[in-house]
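The data blocks that follow each hold one structure.
Next come two complexes built around chain A: one with chain B, the other with chain C.
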Partner chain A sequence: MGVEQLPQILINGLLLGGLYALIAAGLSLVFGVMRVINFAHGEFVMLGGMVTYWLFVLYDVNPLVSFFVVLVGGLLLGALVQALLIRRVVDAPPMMSLLLTFGMSFFLIGLGLFLWENISRSVPAYGGSWRALGVAFPRMRMIAFGMSALVIGAVFAFLRRTRLGKAVRATAQHAEVAMTCGIDVARMRVIAFAMGIGMATSAGALLVTISAIDPQVGGLYILKAFAIVILGGLGSLAGALVGGLILGLAEVLGTFYVSSAVGQASAYLVLLIVLILRPGGLMGTAEKVRA
Partner chain B sequence: MNRRGVNVTAGVAVVGVMVAAPLVLSGYQIVFVLLTLLYIGMAYSWNLISGYTGYLSFGHVAFFGIGAYTVGVLVATHGWPWPVAVLTGGVLAAALAVPLGWIMLRLRGPYFAIGMLAVAEGTRLLASVWRGVTRGGLGIFVTTTYNVVPVYYSLLGLVVVVMTLTYWVDNSRFGLRLLSIREDEDAAEVLGIDTTRRKLTAFVMSAAFPGMIGGLYAWYIGYIDPGSVFALSFSLNMVLMTLLGGAGTFLGPLIGGASFAVVLESLWARFPAYHLMVTGVAIMAIVLFIPNGIVAVLRRFGLISRRRQFASRVVRRSQRRTDEGPAPTTEKSDVAAG
Partner chain C sequence: MNATAIRGFVLLALTALLLAACGTASPPAGAPPDEAGEETPEETAEGSTEETAEGTAEETAEGTAASDESPIKIGASLSLSGDYARIAVDQREAYELYVAQVNENGGLLGRQVELVVYDDQSTPETGTRLYERLITEDQVDLIMGPYSSAVSGAMMPIAERYEMVNIAPMASSDELFQQGFTWSFQVITPASLYLEGALEIMEEEGYTTFAYIGEDTAFPAALMDGLGQEAEARGLEMVFNQLYPKGTTDFTSLLAQVGAAQPDAIFGGTYVEDAVAITRQMQEQGVIADIVALTVGAAENEYAESVGDAAQHIMGASHWEPQLETPGNPEFIAAYQEKAGRDPGYHAAGSYAGISILGMAVEACQCLDQEDIREEIINLETETIFGPFDVDETGAQVGKTGVMVQWFDGQKEITWPFDIATAEYLTPLAGWGER
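Let's turn to the complex of A and B:
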């Protein structure tokens, strides 16, 4: 059934996956550099989306403009959170950072409910589609995909092509050795966390134009992001990219060919299957994850 | 009377007061104590796996929900007597914990925490879509009778059992082995500890009680649906209470659960809009300022003695030998003793 719709479904899945990849890449970057799992990552996505919604409703700001506002805001907020909170638990047992960010996630959900109420919000932008080769390319989803690719590409270029990026990567590889080489490890961690949160909030700005979000939506996206980074390997940006596209495809294919429940559950299924069969991920850093 | 005698006498006296309490308390007060017992029981359950082995389960609500649905289905659909259904809920939760633990406990650290979170969300989803049995989002009307007093005594009994079990764990070689897994699993394995078996045992024990407590909750509250009995906040509260009191200690869950209930009742219930924000800040504050819980603070001031505790004695002795580096020694030995 439905083979002729396949190209359209694949396009939809890939476009969705691009956005997932942006969310997951931020989570993965933070983990890679600090070995900290940011449980509040989804809430930062929500925050980005809600601020975009606010800017649109209150000041009629184009969401693509808000995208950059929210991106810069996320970078600053991330730097602040790292300097005030995360810094204190980076070297503590992993349980501590997990719990700290878990608490932060609840605080942000509460803040979101307080500021924006428990109502789904969305920002209408660039409706319609481009058509080519008998396939529809929804305009906003294409733009969102492009923006995601832009941000991921910029982070990639920063890490690979600049001296500062190299220092961040050195911190990720081995903080103590990096420190003895004269790298300001604390500052690299601030940069990494700022970029991680910037990726989350900017993803939120794109997300709110595509699907409605409410203050509690973060939990949904953090699970998707977990599934992606565990699929691709915690700490691997390329893995987050591949994992994001795979999850996007899995959701869309599952929804179309089986049922919407299966489509929605594909994140959990992917997560559990990968955790059981290959807990290191497809291209994760060689990390001890199982007994 | 020696210290052990004092402890036992104090314990018996407290239980006696708790048994007599429903005779003198008002309806509202009984419900408050009932919910406090529920929180304490949940905290003790979570403490058995996560407190002692350090395997942080963010998905323990799965067992609570399984127990609640077992009672819901068996009582409402098949007309079973509720005590049998509650016990069945506990058995079912423990039975499911065997294969689940066998799979999940091979994962370490964040992978286990994330995996359990996915398990809990997965069970909630299953309860929503398995309409033939669970009636999906419609939920199940379990009972229309008012069952506060029987649920109160059942919960009291469960809390006494789980506390006795924890006391045994805290003072046994088994507990010491669990603590060694928390401190360094590889080292524990090298020393010949069958870590998988111990972890699985602790996991199954820690699943049985939420199963029964969830069943009692269903019988008490009268109506269940996937959103209410698989709510992430139950998992969160277990984490929060245990940490507040002191993870991996005998008294931690009791102190944490009781303080949690009092704070919840006196403060958060009056400001529902700020509830989540206050919870979040509370967790962050605990992590940053009292990472080893109230028990560790009390111990520092000499209000709780650990002298008679087998496990901590051995751990502390070995800690003194090994902790000579520039690492934050005091905190580290607190963790080990805690």
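Let's turn to the complex of A and C:
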């Protein structure tokens, strides 16, 4: 069954993958620059969604406006967390940063349960679809995809084009050498973490308009983000983008042609295959480092 | 240079993640799942004495009961933290409300009642341990069931082993009562019958086919089995069915399959989160049927808040609604609102009904003998605020039926059972954007 439905399924998969990419890109950036795996990344996604929900319920703010509020808020929060907490463990043994971010994750879940209770929250916005060529283009998902592309594009341009962005990349490549070149490594790390969290919270603002989120939803998204980051290659922004799209497509195709269970698992199957063929991920740098 | 380090690191991280995911089949919830069980603070119903469990262990259960002036202790473990916390808190309020009311009216068998409540953190293992502790160490006179089919299922063998009457107000799964246990009793409608009303509406309207999707957990799975059997008995056809894994957020592909099957009715076995996502994505993808009924998700108020206009004319199945004209319902609602500061949902109502049944049985036999109480409950056939109560020898609920609701302009109306409906059901649904 279902060749005629294929275009629709592909659209759905790409739209889904765009959001996954935004979440994963933040995780990947932080890892790339600091070699810190942010276990609390999913909780920052949740935080962004919940604040968007709050703004909507309490002040009737359009979620697209909240998106920018939450994005800026995420940048500031990220900078603060880096300056206060992450900074202390960047150069410590890996276990320390794992413990710290794991603890942050628990803290944020607790905070979420305290502030918003264990209730699924969601913001109704731009329901329905545009239709063209017999295919439905869901309005909110299209908008969310555009927003994700905007943010990822902006980060990409920043890293490629600007002097500051290049300094961040230099820090990612080799912190010590960057330092000897006169780069303020500590500051670059603040920038990187701020951007990582900004991407997480803004993804949350989009997610809350698409599916319901609750304070404990973060674990779900970090699992997917993890798969994407490893699929695409650790620390690679382009890898996160490609990985996100692949995961989105794998999920919808697996679900449609086999079953939901296979759909959910297919992402990890793809991950396994990629890891066997290319241990560094599709666009990984780990392999190159070894060579 | 540090490639191996990175790889080891990632492996470590993934292992940790995996452990975290498995260790707490329910996701982490503020407190680490393992250690806390033993130390959970105990709480007693207000108005009762401060000294609890530990200090007064010399009391023996039944024998000396009647002449004893010490309070009758009712023990329960509830999911006060973790996955089920929000709802289980309602359950505690309901138990406490009943105990406070009983104490105001002279107590049970002339003795005051004291509630001993522990927190099982939404984990069945902890719940089991805590019931064992309630029975053996705290030596409570009576127990009341926990929240959820999962914890109920785990602690039912404990009730069996110690021969304690266990009214499990929130256990909906059919299987629990098909294991040959004789000490546990169901209060709410068995999960397999949640959509009985929707099937009846289908028959009434001459529809013949339906599709079912549901989360791959206890109640939606039981519901799928139940629908299969019911459909056969009623001459209806289930043209598509599938369970999706817990945590699924994208239903587009599943809905494409549902749409392709062109059913007259679309049924869902959902909680709020998935009901919201399914409704939105049905709207996006333009999937619709003459009847759409999502249980229990679409019966909750957050559902309509979350999906907005898309809720129009969607049906849900519930167990209890405040408009029901059951005996004492308005009084219960008022008392609950005063105590808890919020409106009761069906969880609160069912829990209150459950503990009331226990109280009725104790008063009926004028004793605390578990065997006698058990006999009373089996023979009891009554009407509570929650609706009819009647259990068979296996403890399964056979008297209670569910309630179908339908959304009209943001208002939830009861549309089935027909004799207690507050509004006439509306079918067929118009297409998206036309309602």
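Everything that follows uses one rule, which is that the second predicted complex is superposed on the first by the 272 of 291 C-alpha atoms of A that agree within 3 Å, B and C clash if a C-alpha of one lies under 4 Å from a C-alpha of the other, contacts with A are read in each partner's own complex, and residues count from 1 in each chain.
By definition in this document, a contact is a pair of C-beta atoms (placed from the backbone, for glycine too) under 8 Å apart; a residue touches a chain by one contact, two chains touch by 3 or more.
The shown structure was predicted, so the numbers you read here are calculated from the model rather than taken from an experiment.
In the superposition on chain A, A:Asn12 contacts chain C only, with no contact to chain B.
In the superposition on chain A, A:Phe102 contacts both chain B and chain C.
Contacts of A:Ile230 after superposition: both chain B and chain C are touched.
Once the two complexes are laid over each other on the shared chain, residue contacts for A:Pro94 go to chain B and to chain C alike. Contact comparison for chain A: of chain B and chain C, C touches the greater number of residues. When both complexes are overlaid on chain A, the residue A:Pro138 reaches chain C alone and has no touch with chain B. In the superposed model, A:Arg121 lies in contact with chain C only, and not with chain B. By the touch criterion defined above, A:Ala83 reaches neither chain B nor chain C. Once chain A of one complex is fitted onto chain A of the other, the partner contacts of A:Gln264 extend to both chain B and chain C.
Contact with chain C, but none with chain B, is seen for A:Phe256 once the two complexes are overlaid on the shared chain. Shared interface residues of chain A (contacting chain B in one complex, chain C in the other): 37, 94-95, 98, 102, 105-106, 109-110, 113, 219, 223, 226, 230, 234, 261, 264, 279, 289-290. Residues of chain B that touch chain A in their complex: 54, 56, 58, 103-111, 113-115, 117-119, 121-122, 125, 129, 185, 189, 195-196, 232, 236, 239, 243, 273-284, 286-288, 291, 335. Against chain C, in their complex, chain A makes its touches with residues 1-2, 5, 8-9, 12, 16, 35, 37, 39, 94-95, 98, 102, 105-106, 109-110, 113, 117-124, 127-129, 131, 136, 138-141, 210-214, 216, 219-220, 222-223, 226, 230, 234, 251-253, 255-256, 259-261, 263-264, 279, 286-287, 289-290.
Interface residues of chain A, counted against chain B in their complex, comprise 31, 37, 85, 88-89, 92-96, 98-100, 102-111, 113-114, 219, 223, 226-227, 230, 234, 261, 264-265, 268, 271-272, 275-276, 279, 288-291.
Taken together, the chain C residues at the contact with chain A in this complex read 1-7, 9-10, 12-14, 16-17, 20-21, 27-30, 32, 83-86, 216, 242-245, 247-250, 252-254, 256-257, 260, 271-273, 276-277, 280-281, 283-286, 302, 306-310, 432-433.
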